[in-house]
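So that you can tell them apart, the chains are marked A, B, C, D and E in the order they are listed, and the count of residues begins at 1 in each.
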Amino acid sequence: QAPTTNGPARSGTGAAQTLYYFTWSDYVDREQLAGFEARTGARVVVDTFSSNEELLAKIQGGAGGYDVAAPSDFMVSIMVREGLLAELDLARIPNVASLSPWLSDLPFDPAQRYAVPYLWGTVGIGFDSAVVATPPDSWEVLWDPRYRGKISMLNDQREVFGVALRAMGHSLNETAPAAIEQAKRRLLAQKPLVKTYTSENYDNLLAAGEVALAHGWGGAVARAMDERPSLRYVIPREGATIWADCLVVLRTSRNKDLAMRFINYLLETDVAVHTTNRLRFASANREVKDRVDARVRQNPAVYPPEDARDRLEWMVDVGDAIRLYDRAWTELKMR
Amino acid sequence: MAWMGLFFFLPLLLVFVISFMMRGTYGGVEWVFSLDNYAALLDPLYLRIYLRSILLATATTLLCLILGFPLAYYMARLPAHWQAVWMVLIMIPFWTNFLVRTYAWIFILRSEGLLNTVLMEIGLISQPIEILYTDAAILIGLVYGYLPFMVLPLYAALERLDRSLVEAAADLYATGWSRFRRVILPLAKPGVAAGCLLVFIPSVGAFITPDLLGGARTMMVGNLIQHEFLVVRDWPFGSAVSFVLMAMVMAGLWGYLRWEGRSWLWR
Amino acid sequence: MVKIRFLGVQGVSLGALAFLYLPVAVLIAFSFNDSRLSAVWQGFTIRWYGVMLTDDALLAAIGNSLVVGLCSTVVATILGLLAAVSLERMGSARGRLVETTLVLPLVIPEIMMGVALMLFFVTALVPLGLLTITIGHAVMNVPVVMVIVRARLRKLDPKLEEAARDLGATPWQAFRRVTLPLLVPSIIGAVLMAFTISLDDFIVAFFTAGPGSTTLPLKVYSMVKSGVSPAINALSAVLIVVSMLLIAVSLWFQRKGGVALFRE
Amino acid sequence: MADFSIDIRNLVKRHGGTLAVDHLSVQVRRGEFFSILGPSGSGKTSTLRLIAGFEQPDSGEVLIEGRPMLGVPPHLRPVNMVFQSYVLFPHLTVFQNIAFGLEMQRLPAPEVRARVGPMMEMVKLTGKEHRVPAQLSGGEQQRVALARALVNRPAVLLLDEPLGALDQQLRQEMQGELKTIQQEVGLTFLFVTHHQEEALTMSDRLAIMDKGRLLQVGTPQELYEMPTSVFVAQFVGTSNHLPGRLDTIESGCARVTATQHDRVPVLRTRIPEGVREGSSVVVVVRPEHLHVSADAHVNGFDNTLPARIEKTVYTGSEMLYLLRIAETLLWKARVPNVRVDQKRFAPGESVFVRWNAAEARVLSA
Amino acid sequence: MADFSIDIRNLVKRHGGTLAVDHLSVQVRRGEFFSILGPSGSGKTSTLRLIAGFEQPDSGEVLIEGRPMLGVPPHLRPVNMVFQSYVLFPHLTVFQNIAFGLEMQRLPAPEVRARVGPMMEMVKLTGKEHRVPAQLSGGEQQRVALARALVNRPAVLLLDEPLGALDQQLRQEMQGELKTIQQEVGLTFLFVTHHQEEALTMSDRLAIMDKGRLLQVGTPQELYEMPTSVFVAQFVGTSNHLPGRLDTIESGCARVTATQHDRVPVLRTRIPEGVREGSSVVVVVRPEHLHVSADAHVNGFDNTLPARIEKTVYTGSEMLYLLRIAETLLWKARVPNVRVDQKRFAPGESVFVRWNAAEARVLSA
């Protein structure tokens, strides 16, 4: 039962402690919370945000009172820089031991001082094998005139430019004006083929057969597969974005101890298995993969093939280059 | 009054100040005065965004007027308690969730959607027409969203209109159309003005409808503002964009009143 | 012949109503769709209603929405009413100035209102939460209420209040017993409008919400990443049906000769 | 060309339950000033609305200038209406109001001006062209309404209580003006009112309506002096009534015995048409025909009744006396103050009321 | 206790430029039916509004029951008003409308009922308690307005043209009712109207106003028969005028020579008060005092003038003749139709107009 007043006033320590968890909708369900509450006697209040930007806006705006949040990778680095996060005491989070090693040292948080990876996934191409006969292995397919009007792209400037940059062999964190300019030209060339730029409902569109190729997050594509079995997911050979939602403790938290215990709880194998099965997002806990349902484990949209791993790249803040992206993005839209 | 001052003008002032500052390298506000934000807006690229938004908003307003006027006229003629019922009926659809409604529209408009299926069933068209992800879709979405804002003030104005004036016009040889043109419309003018304002403003700043129904293939001012505030986190620029929009609307309003030679809309 | 034209008008009106309810019908239909996505029909189910009823986060959200909606509407209605009335009493020159400023919020992009309010609350150290959302929505709605009520107020005969005064009513009594009741129709309209705006607002709520104050729109948008659950459709369906029932009841009462909402 | 401007043939109109117009048949001659007089709710407005075409009759028909009007919409009928409450267009100036009809007929601007100008003259509004109705006095508004209709030179002008909202002074002025205008332009006026004096003084002929039915049609004099029914006698002017039985008809006069008031002697009245001896009747005498005096012996009158002054009302030009003839019988008498020094009676005085057979009408009850 | 219900001491009220009320002083006695009569725009309503307290005087004062009212708000004044246009509360039932004032005084519900009941009786509305004004006829609404004010038993009842909106029949009825009610409850009525006949027939005393100024106060008879100014003579009833010069004052009568019409001989009139010989005057004669006949020789009249019938108007109870005395001089004569067979003149006939000195008043021009 979420209280209908703003939390800080309530989050006093004492007999019944309350933990405020700010996260993506559906990331935790009742049972999990119940488990934790049973174990600690604390009460968990969950608030949800719809984008990392919203999370930041809120925390930066001074919406105090949250203890634990689940920002994505690039947002972690921003929040660190803005000094919004509290250092973790890994001693109190024993479950970090079971994290996949390759996820333990990340560009946006070297040496895991502020964040532990929680759920991760990739941004690739979801496609309908009934329409796209030969499984594509390159981003180039998104430039294939045969699929004019059957393509959807994410409505996100970094991701979309990422596709073009990758296709041209650049990093998706490219900051060279020339490269960005060139990417823009390629995207302009692609625009006529694109049916819609959307981050919201391409899963619907895939399932309904409105689009045959969708640039998007694996989880969403995985969801769509239930509706339309002929859907597939591929991570192109040029590589793709890998993202991870991490668990962090906010500096303004009044209950850091409880917060650490909560993070530790979420990383517990049983809990994590449950989460992955439900959300179809790969867990950072290496023991989980072997224990989730087969159709989840074998779904490349959830767990990319091992060989793909080294083609994945994290998206990091590009500083003032954002202006270049921004400008190019606006031009892309207005042409 | 004091209330408005406290919770409206102070905040506004704050944002106005910010619109003259600069973005920090990693977002946030750097407290250095500069006019760059406004200068940047002179770029034809942005002007096109404004133009496009204003055109769309104007179209929306007109459509709302065309659809809303008969509706309001009809309501005004109903027995008193039915008028109340219709008002509620017109509002209720908006007690559902905006996003879900929009998804419903997507389902209706998409190429294998409800509309096309029906049209093809009854043989009006041979192959699906592309409505979704066109400006048409945006218009439908906006008109749908803001129709009540037009109907209510219109209704208020028409409900005050004396029936026998229309009869007098008929008696003086006015045909149905000229009765509307020469008597009903002019007498409903305050309502029309209010309604148009209430529709135009929000639709000029709309951004979710254009994204979802328009396919985000182009930008509206609303998108720009939201993009700057949230994605790029360039609040100064976002504020500047907003203030210019405000200024444009106010100017338009002022011009209208001037042209009307009237002191205020509802007078 | 005047009749015939009127039938035409009636046609358009019913058409418009249909237009308003088409998507509503669709989303209700999908509340019975046996699938996580509102994409294709996968068969009939009522499980989403079960999900809705057991998802306390969702219920909390709608609860918050209703609380905020009601409170902000009450506040906005009272203030808007006062504004309208005091404007009527004011000299035209001053009145016009005040009116203009009062109507200003209408001409500001919502998102900017949101940002402005958030910055303000934060700098003023007002903890973000239901209170701040309520204030935000009230600010948005005061001008709406004022505009609607004002239209009606100007129609009233000022002599009515004089008559009341002459019969021994204090200024307040005159307003309370005569003017106010006669404003009821417009107030109903205003209340509906304000409540609707508040209930469906995402942007301002987005900026002014705090811990534990997630409203329904916020909740729904946050679902985008993991897919908007048809439980929302179910919820909307329930809302609609309930309000429809309320109308039916009120109608029934009026048939039974109860007090009509509008009497003139 | 038809000889009637308006020819109504048993017209019927229901409003929900009430029969607003009940088998009404009446003809209005070209160029005459014809009034419909009736109490409130008698169907006058309804009749005009049927002629103007705002409502459709349930049965019966209306011919204007000989042309049947069935299914002809208002804006195509050669009539114009002056409404009970003016109904001027508040957003148009005086000029625009008057020009409205002409513009609707697509007349070229110069001609419109050419016709509106003189019309403004006629209704004495020149100089006020650019005012809006709100800036006009009641009388002026009334004139605009009139001009707005007249300027179209309709075959018939329909006026629904055009003077109803004016004060007495203004009303009397406008009565004169209306009559003059009508004679100037020679139009057919169909004038509706419930003000009987107005109807009598202005009309060439008038029709009395009640409960949607037509009671009597004729010149003012016919209606006032030869009412065919008690209702008409009562509604047109004031009158005194005495129920009785018609005894005998002799040469020169008839004899009526009061049935309810035994103290009242046999009365001598003028000879009625179509009333059989022995049938029960009502004797009607106008107040101005009564001669009131205190002395018992005055010659030259056919009837004499003793009475007591119940109440006196001073109207300036005359005295109104309320006379008690019998316990339950009150009559009115009006005595002009022809001389300032003339004798006036006070309440309570006993007097004698006298009148001649010729002034007493007999109507079948 | 003061001997005046209302005591107005040179009251002044400006509306923008116009002097709505101009140094008005007038006293209304307790229990009398007092009327203010004046043309539209003469300041009648303004005066009432000042008494009721809706507006504040620019100077002068109003005393009610001897208490000065300066700064007393409307709801604390012991007067109640019946408005020119009723102004009933549309959202309240008849009962609630009438009970309004009592509830404002916090009377217990039972007593409210106890007082509203009889009031409804008196204005004959019993049975219609639960209707709303929209469901009432004009006359009924008028009665509600009256009851709503009367039920508070005010020291003075102010009535602003309460009958203005009614049709003739209803108006005459209500005139009777009002008078009766006033006598029953014995309240002071201050009645405003521009309908002179109404004022004359109903009032104990009346005041004539014009342009915000008071012209004359007196009983109906005083005002009609002894007007002190031409305006009053004209406004109260109709009258014929002849400008002239006062020659000599003899025993019994005065002699006036017409100044503008040489064909008119010297006239003999009643002796005026306070008019010096040689000063220019106006001779005023009432239409009903003129004797019209065709034959040249009739005795018993002091004045005789030849004239031509210009126009005749038939009102039923009498004939109105428009007489041309000289090119630019038109007089009116009213001749009661005392006998149906009496001689009536037609336009164009030459006649003689006669009257006595006693009926001709002389007013200084």
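Couple of notes before you dig in:
In this text, a residue touches a chain if its C-beta (ideal position, glycine included) is under 8 Å from a C-beta of that chain, and two chains touch if they have at least 3 such contacts.
Values in this document were obtained by computation on a predicted structure and should not be read as measured data.
Any chain touching chain C that also touches chain D appears here: B, E. The leading chain pair by number of C-beta pairs in contact is B-C. Centroids built from CA atoms put chain D at 58 Å from chain B. Centroid to centroid, with C-alpha atoms defining each point, chain B and chain C lie 17 Å apart.
Chain geometry summary: the mean Cα position of chain C and that of chain E are 57 Å apart. Taking each chain's centre as the mean of its C-alpha atoms, chain D lies 25 Å from chain E.
Taken residue by residue, chain A touches two or more other chains at 54, 57, 200, 204-205, 208, whereas all remaining positions touch fewer. Within chain B, the positions touching two or more other chains are listed as 103, 167, 170, 229. Counting partner chains per residue, chain C shows two or more touched chains at residues 1-2, 38-39, 119, 221, 224, 263-264. Residues of chain D that touch chain E in their complex: 39-40, 137-138, 164-165, 167-170, 194-197, 200-201, 220-221, 224-225, 236-238, 286-289, 291, 313-318, 320, 334, 336-341, 356, 358-359. Contact residues on chain C toward chain B in their complex (touch as defined above): 1-2, 5-6, 8-10, 12-13, 16-17, 19-24, 26-27, 30, 38-39, 79, 83, 92, 96, 98-102, 104-113, 115-117, 119-120, 123, 135, 138-139, 142, 144, 147-148, 150-152, 154-155, 185-186, 188-189, 192-193, 195-196, 199-200, 202, 216-217, 220-221, 224, 228, 232-233, 235-236, 239-240, 243-244, 247, 250-251, 254, 260-264.
Here chain B touches chain A in the complex through residues 25-28, 45-46, 48-49, 103, 106, 110-112, 130, 132-133, 211-212, 215-219, 223-224, 227-234, going by the rule given at the top. Listed in rising order, the residues of chain E touching chain C in the complex are 52, 54, 73-76, 79-81, 83, 85, 87, 89-91, 100-101, 104-105, 132, 134, 148-149, 152.
Residue ranges on chain B touching chain C, taken from their complex, read 1, 3-4, 7-12, 14-15, 18, 67-68, 70-71, 73-75, 77, 80-81, 83-85, 87-101, 103-105, 107-108, 114, 144, 147-149, 152-153, 155-157, 160, 166-167, 170, 176, 190-191, 194, 197-198, 201-202, 204-205, 207-208, 221-222, 225-226, 229, 235, 238-239, 242, 245-246, 249-250, 253, 263-264, 266.
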